[in-house]
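Just below is one structure, and these are the notes that go with it.
Every chain is named by a letter (A, B and C) in the order it is written, and numbering of its residues begins at 1.
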């Protein structure tokens, strides 16, 4: 077996999001204890009290970037880490909150929440002035993306363990459909029901379709996604173009935005 | 075999190994483990996954390793028996056998194959079955037993030593006396079945040539534009066997396993080599690979197409790219532009 | 088992440990590895042809294919040249002398050197293509009497980028093979051999060879093939005597995984050596 040179130093960081990916790591049951022993976990937002950002081999970064202060912290993490991993769909693609990336609607919503000025009052300003959410790759170089809402242990562990062994995981993009067929499921799209499996990154083991629930795309965009064809398929089963695009954008974040503009 | 002893026959078979058979699950059929004969439903056209799920399972471990060394994971101690397999799926197994048990034997496949007993079952086609055109509607070997269902009897064909052992074990449940009437009924049934095929594709015979003539046709682009690169066609195809291999390390970073998983040539990195050079970077060339390999190159190499006409791609492709639509489009293209059809 | 029989199945995926005897840098991103099987039986059993490849394995890292760079005429060790291009090769650059890994093979058709006896050979390498062709070259040097004339044309971007530079210079000095080393550019101005594209060396051979009795062995970056083939055709080398070695993604090496399929051929079984005649008849080959 491959012998690693050292036990690497790892930090786990969280920005805007539900912290579900950090929680998923703590909920890996058998693997959770190994997580804390197989690498030197120097920083874990959710599991430890706050510390200085250490010099690290690997930084796992959850959440999207919403404030200038987060951006400063993110850049500091990049400086201090050899490898930065975007953990979860928010960090990878912006997540659900990316739906509010449009400046105008963002201002309107700020007014709706904080009153006429649309400004966060000073006494509430704990994380810096909010701005529309963006994935971390909009600001720094990201080495590895592990999407998921939240990440799944089956997908996360093999990628992460390669990294802590000093290896780089091989990228092989697949859509949810592959795992769905591994499970031997029928296809929703054939029965007039929407499903975003064909444009969504695999890694979830097709858990929703296997439970008879359509894929909503929570693992973010699949690199081989064919959006125009997907949209016409969704229209064929009765969605309007607007509805189809809204569904794609729910978790697709910046990648769907770029694809729809570019194609 | 009289139908009334069929439950006894099933009970007997269950003593010989783990029994799987077609089971209805909402909108689909699947080969599932059978505990009660009532669960079996032979009135089906196709399962989502064919028998390949027993022979090249979607994901399985081939090797385990730790700091001390490695250990092959080859032997499967269980005997699996699958009942209700249609002729097309038996042909598909023969194609997989040829590939995996040819000059170089794949040990993982070989052990699974050796542990699998196949009991075929007759079927009636729907509008997606094109096995008549692919020449795989009848089967003469590749099974251990084959049951043809008539009004009151099953005609039982023996295809191997394993099958023979089963019939000997079945003893009085089976009778070697077959009445003339049964034979006549069988012939009538065959004639009825033959006349039921709707997806008749005479062009299938010439598909190798048609694909060669159409290599640069725009049709590929049109299908490429529609293709979702979702891999469904390959995964449900009973003869698609391509796999990927990945080593996975456990969270303790001290042990792991090598895993083989079914792959699809329609996925974006299928032909990527080190240094990120991709020989098939777009959907069109990948789709062309799928169909030329299945419908042309198989004929060149083995004398028959890699399609057994099971209709799975016809059923499961969400955007209607399948052996029928592709073959028809290609045939149409040759007809329209090259004036060779009449 | 229902019929009570159980055959013993041989594991064709079995890898065998090798020990790294030597490592040195060939260029800034390419490294030389000299290895030897640890098992005495394997040392004896492992026979191969130039142009064949093997599959390296390190459990945890995975498997990948590499061309053999040493000739079958030298049996004490096996040599490789590995360019750092991805996650897999990156890991091999962390290995040191004395480390071990596993290997299975050899795979592929390889060059059938015995069938080329008495012929004129033109061996043309570009860049990393020198790695597999070095096996054929050293074979030709060791069995020089088997062949008529043997030319070796090697191209690299610059002197710095030429793999096995010192080896090849020594080869030129030995003069057993007609060795012509060419660099596209020579910023140092001190390159004692040819400057320019390797293709420019081919017309010069027109007078020297008997085309009907000539076989060309080519390996290089995909872009090189087109131009080299054009030149070879101009000097009348037969299409089925232009042998080229190609690269594809592979996961098994034995015709099962499907990744290396080109048309109806599998690169791992029917290749990696194909002729120009094949290329003309199999779409997508180059």
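Assorted remarks:
Operating definition for what follows: a residue touches a chain if its C-beta (ideal position, glycine included) is under 8 Å from a C-beta of that chain, and two chains touch if they have at least 3 such contacts.
As the structure is a prediction and not an experimental result, all values here were calculated from the model.
Because contacts link each chain to all the remaining chains, their graph is best described as complete.
Contact count check for B-C and A-C (C-beta pairs in contact): higher for B-C. Inter-chain spacing, taken between the CA centroids of chain A and chain B, is 37 Å. Each chain gets a centre from the mean of its Cα atoms; for chain B and chain C, those two points are 38 Å apart.
In terms of their C-alpha centroids, the spacing between chain A and chain C amounts to 43 Å. Of all residues in chain A, those that touch two or more other chains are 1-2, 162, 165, 170.
The residues of chain B that reach two or more other chains are 65, 70, 244, 246, 249, 256, listed in rising order. Annotation for chain C: residues touching 2 or more other chains are 59-62, 86, 88. Those residues of chain C that touch chain A in the shared complex are 58-62, 86-88, 90-91, 94. Listed in rising order, the residues of chain A touching chain C in the complex are 1-2, 5, 162, 165-170. Within the complex, the chain B residues that touch chain A are 26-28, 30, 47-49, 53, 58-59, 65-67, 69-70, 225-232, 235-236, 244, 246, 248-256, 261-262, 264, 267-269, 283, 315-316, 318-319. Contact residues on chain A toward chain B in their complex (touch as defined above): 1-4, 28, 30-31, 34-35, 37-39, 157-158, 160-162, 164-165, 170-175, 177-178, 181-187, 189-191, 197-199, 212, 223-226, 228-230, 233.
Of all residues in chain B, those touching chain C in their complex are 16-17, 62-63, 65, 70, 72, 74, 79, 99-100, 102-107, 109-111, 114-115, 117, 144, 161-162, 165-166, 215, 241-247, 249, 256, 258, 263, 265, 270-277, 279, 285, 289, 292-293, 296-298, 300-301.
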